[in-house]
Amino acid sequence: MPIVQIEMLSGRTLEQKREMVKEVTETLVKTIKCRPEAVKIIIREMEKQNYAENGKLYMELP
Amino acid sequence: MPIVQIEMLSGRTLEQKREMVKEVTETLVKTIKCRPEAVKIIIREMEKQNYAENGKLYMELP
Amino acid sequence: MPIVQIEMLSGRTLEQKREMVKEVTETLVKTIKCRPEAVKIIIREMEKQNYAENGKLYMELP
Amino acid sequence: MPIVQIEMLSGRTLEQKREMVKEVTETLVKTIKCRPEAVKIIIREMEKQNYAENGKLYMELP
Amino acid sequence: MPIVQIEMLSGRTLEQKREMVKEVTETLVKTIKCRPEAVKIIIREMEKQNYAENGKLYMELP
Amino acid sequence: MPIVQIEMLSGRTLEQKREMVKEVTETLVKTIKCRPEAVKIIIREMEKQNYAENGKLYMELP
């Protein structure tokens, strides 16, 4: 712990995920003073028909 | 916020999802008095082998 | 299933929660055709210092 | 309720999932005294590029 | 990983939680063949006004 | 979206949370190219009796 769950639209590259988990981990180590080995990150990718804001599916937002 | 996560069996049509997020959003606006733009909904679809009740996978329930 | 998780700011009344779960359940039954007994709803209430948008804690948003 | 969410790497067999949900349910019934019908389990399978520890994607861990 | 999230009504004793996490961990090690150190368990306790089934708050279920 | 859920032990100061959400947001904007307004962060604080590793409650880990 900390355990981090990140939901985002699918389509990011492997390189973007690699950079994201590296930097999110460093940020947590620095700001809340935890050990880097303790940080676990789960990435969940969503299709545009599985996320909604303001009552509309993301695929239909302007 | 509010942020809503809905787990359901896969297989619903796009039209059903569209209607669901529209009406869940309206319901929250009406009952807990939030702005519609503030409502975010994540839909997660499960296969029948990834959900269990009473110790049995859903695919094996009667 | 469906299993619904709703995160919202703390401070809603019992009556608002009662109405919310009743109507969210009816909405799901109607839009995705499930049985009402199958709908489970978890409500999680957040303090204003435990939610952030745009890099700012909610308690500090304008 | 209890509602259990299990994130694990993808790749387990159907037989392993079947055994897992059976035994996790029995364990909860025994230790926290709930009815077996009340136990719901959601399984979420992750790809090795969607989980990180110590700032590294699982696919890149030694 | 696996990462397990368990939502249950508040009110279980420390001894029940201790037994629960010990046995759930053993069950996962046995059924899905993971290392015990890899199993992380998050327990979330709910008040009876924050869980609903069949459109009714748990505190009002018969 | 992205929507980030962070579980951590309770006890961090307001200042630490403020810094954490600011920097996690900046990190996501930079690494996965999203707008800062789109980043939502939910913080959940856990007591030491509600988290377990290796079959033991955190309060009992060495």
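A, B, C, D, E and F label the chains in the order they appear, each numbered from 1.
Note that contacts are C-beta pairs under 8 Å (C-beta built on N, C-alpha and C of every residue); 3 or more make two chains touch, one makes a residue touch a chain.
Since this is a predicted model, take the numbers as computed values, not measurements.
Asks: Under the document's definition of touching, what chains do chain B and chain C have as common neighbours?
Replies: Output, common partners of chain B and chain C: D, F.
Asks: Tell me the fewest steps from chain D to chain F, where a step is a jump to a chain it touches.
Replies: Step count on the best path from chain D to chain F: 2.
Asks: Can you report the angle of the rotation that maps chain A onto chain C, using C-alpha atoms only, to the nearest 5 degrees?
Replies: About 180 degrees, rounded to the nearest 5.
Asks: Calculate how many whole Å lie between the centre of chain C and the centre of chain D, each centre taken as the average of the chain's C-alpha atoms.
Replies: 24
Asks: Averaging over Cα atoms per chain, report the distance between chain B and chain E in Å.
Replies: One centre to the other, that is 21 Å.
Asks: Note the residues in chain C that touch 2 or more other chains, in rising order.
Replies: Residues 1, 3, 7, 40, 42, 44, 46, 51, 53 of chain C touch two or more partner chains.
Asks: Considering every pair of chains, which are in touch?
Replies: After working through each pair, the chains in contact turn out to be A-B, A-D, A-E, A-F, B-C, B-D, B-F, C-D, C-E, C-F, D-E, E-F.
Asks: List the residues on chain F that touch chain A in their complex, please.
Replies: Chain F reaches chain A through residues 1-9, 12, 16, 19-20, 23-24, 27-28, 30-34, 46, 51, 53, 58.
Asks: Help me check something: in the complex, which residues belonging to chain C touch chain D?
Replies: It is residues 1, 3, 40, 42 of chain C that touch chain D.
Asks: Help me check something: in the complex, which residues belonging to chain F touch chain E?
Replies: Checking each residue of chain F against chain E gives 7, 44, 46, 49-57, 60.
Asks: Taking the touch rule as given, give the residues of chain C at its contact with chain E in the complex, in rising order.
Replies: 14, 17-18, 21-22, 25-26, 36-37, 39-45
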